[in-house]
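Heads up, there are several structures right after this.
Here chain A shows up in two complexes: once beside chain B, once beside chain C.
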Partner chain A sequence: MAGSNPSTQEYISHHLTNLTYGKLPAGYVRDGGTLESAQWTVAHSAQEAADMGFMAIHLDTMFWSIFLGALFCWSFARAAKAATSGVPAGFQNFVEMVVDFIDDNVKSIFHHKNDLVAPLALTVFVWVFLQNLMDLVPVDWIPELAKIMGIHYMKVVPSTDVNATAGMALGVFMLIIYYSIKQKGVGGFAAELAFQPLPKWALPFNLFLEIVGLIAKPISLALRLFGNMYAGEMVFIIISLLPFYLQWLLSVPWAIFHILIITLQAFIFAILTVVYLAMAYDHH
Partner chain B sequence: MNINLTLFAQLISFAIFVWFCKTYVWPPIILAMQERQKQIADGLNAAEKAGQDLEVAHQKIDAQLVEAKAQASQILDQANKRAAQIVDEAKEAALTEGQRLKDAAQSDIEQEVNRAKEQLRAQVASLALIGAEKVLEASIDEAAHKDIVNKLAANL
Partner chain C sequence: MELEVMKYLAGALIMGLGAVGAAVGVGILGSKFLEGAARQPELIPMLRTQFFIMMGLVDAVPMIGVGIGFYMIFAI
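After this line comes the complex of A and B, so read on.
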């Protein structure tokens, strides 16, 4: 538990609050004073972060996700640079295994010619996996370290931030729309939305059904990952409320189980991305 | 669960990472793997082909061996035949030579006999003359009677 013995409630909500940089409106009552004009600042509490509304950005989410994404790009690009048709060794072997795994899965799902889908799936898989992996770092380590450095909020698992998962899902959604229109034309895509599953006379009903179905794709992508990781993180936080000599009894089995979850969730996100794009290509 | 600008910031970083992966990570790795796959396939094909070649070479060797054996036995047969022929020829030559030698010896002997007979005849003639001289004790014209005595001797 955190040093100054905060209440359980405070401890949990502290762990679930992002380091938020955003705009507070003029007249906002803060730290006993009142803001004279609207101000961009780092939120001092969960309430302030919530009051910033849409004009705010989660610095911790951005930092960790970009750090992990850069780590992925750097390490894989290094392996790619060293890649030859000779005998692979060490890290290159691992990278090739991952690439081969993704390639096999993409080939079995996506049968059209497209050189974006496979690297997209690889990026999603590895990036999401790395983000999820941060969940296995004991919940207090990095936040306590940040506190020493003067940063009071630090949520280290980007995929427990719905913005991160929804950001990726939004990207996938845009690609779904793009490829649908590219493959079928605007008319074809609209016809697909309007003239099925029922005949033309049920156009409004069809449109409603298909659009819900379309929008459900990114939302389910985003919320599935977010929900799983948020819940997993929550369990770790609750376990860390136990006396320290008992924590391992629960945290070790949960962490081992979590290894499966984080891999599975990364895999599901990547595969569903490919499936959705394959559906965008197919004519129904 | 505050939706805010982070959403778009994440969207942008996602796009950048995907672009990076598509440009710098995926193609070289896939290329290297495909190339390796091709090399391995080529290697396996070459090994298979070498195996087939070996099989063919074995068959060729077997065929050559059979041929060589046949040739060898043929040569042996010929040699045997030739040897027999040479022996036969030698035998024949020896027989002929023997016959020739025998004939020569025969003729020599006959000549010797004839010569001996001639001498004998001559001596018998002269002996007969001497005998006749003694018997007659008279002088006979040697020249006149020589023909008679020679005729006598020729009848011996």
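After this line comes the complex of A and C, so read on.
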């Protein structure tokens, strides 16, 4: 199964291409014809998706992440509404366990008064976990189903799309800046950036160091989750290229190991969010 | 050298060197975790949480390396 086989490469890149909706410029050569005017449309190939440039959106990532977010909200709200003071059972038990787990961790890290951080950590944890969980669905099931329905590209795992993870990290970044300014004022935040590791005479150096440190937070948050999920998905795709009698032998151990990774990465994303917000609250 | 050969070498180097670093890191982390757990058994739950957080952070880099290495070998 070396890379010399073109169908192998086609299979892999097909699995790694998102369903992209974007704007093609006027005069673009497409499907044998030429577009007369700029057109908003769904890309038919990876090349078209690349030519759409910045003004494009990944429909499959949006659909699956919003669907999973709605699933999380609906199921947890249902459990919360049906909650009783008696001995919990079934799904309510599970929800209480997750909420308690996150609450304990947030309490041990974040020592200020804030009503947003713990629910945020819960949302991030469960949402990212559900997104990662799509990785365990066999790689061909949903794309093949989509092909029958006439959709040619379908990348099922939202967190293997850097746009999804970077979007979430950007949200965390905005909260970091918001709480920094709310807690310390614009002056205090700027002073923290400018006067920190070294005394005031080294202001440009301090500013450079601190701004790099600040920007590195969301970038590392986004790329860590993306990289892990992308690598996991890649291994599943490679395994699915093997003959069928080898697939179970390799896919099952990797899937079991992957359960650890997806939970760990969701947990790390949530915990680092809380740690960063606690750092935004602290006065240095 | 041919591109075909370089591709495999590049993938092997990415996976191998990433694994070396992470192996040393996780080894030190695990030994310290066991040491701490042996000294203070009542701290094990707290230590385990911290251990898993750090393991996830250390583990991420070689994992990403494996993904990029596979991409270079099979998909380019």
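Structure notes:
Note that in this section the second predicted complex is superposed on the first by the 278 of 284 C-alpha atoms of A that agree within 3 Å, B and C clash if a C-alpha of one lies under 4 Å from a C-alpha of the other, contacts with A are read in each partner's own complex, and residues count from 1 in each chain.
The criterion applied here is as follows: contacts are C-beta pairs under 8 Å (C-beta built on N, C-alpha and C of every residue); 3 or more make two chains touch, one makes a residue touch a chain.
If you're wondering where the values come from, they're calculated on a predicted model, not measured in any experiment.
By the touch criterion defined above, A:8 reaches chain C but does not reach chain B. Touching more residues of chain A than its counterpart among chain B and chain C is B.
In the overlay built on the shared chain, the residue A:232 is in contact with chain C alone; chain B does not reach it. Looking at the shared chain after the overlay, A:143 reaches neither chain B nor chain C.
In the overlay built on the shared chain, the residue A:264 is in contact with chain C alone; chain B does not reach it.
In the superposition on chain A, A:224 makes contact with chain C only, not with chain B. Only residues 18, 20, 22, 49-50, 52-58, 61-62, 65-66, 69, 72-73, 76-77, 79-81, 83-86, 88, 95-96, 99-100, 103, 115-116, 118-120, 122-124, 127, 158, 161-164, 166-168, 170-171 of chain A touch chain B when the two sit together in their complex.
On chain C, the positions that touch chain A within their shared complex are 4, 7, 46, 49, 52-53, 55-57, 59-60, 63-68, 70-71, 73-76. For chain A in complex with chain C, the residues that touch the partner chain are 1, 3-4, 8-9, 12-13, 16, 105, 108, 223-224, 227-228, 230-235, 238, 241, 261, 264-265, 267-268, 271. Chain B makes touch with chain A in their complex at residues 1-11, 13-18, 20-22, 24-33, 35-36, 38-39.
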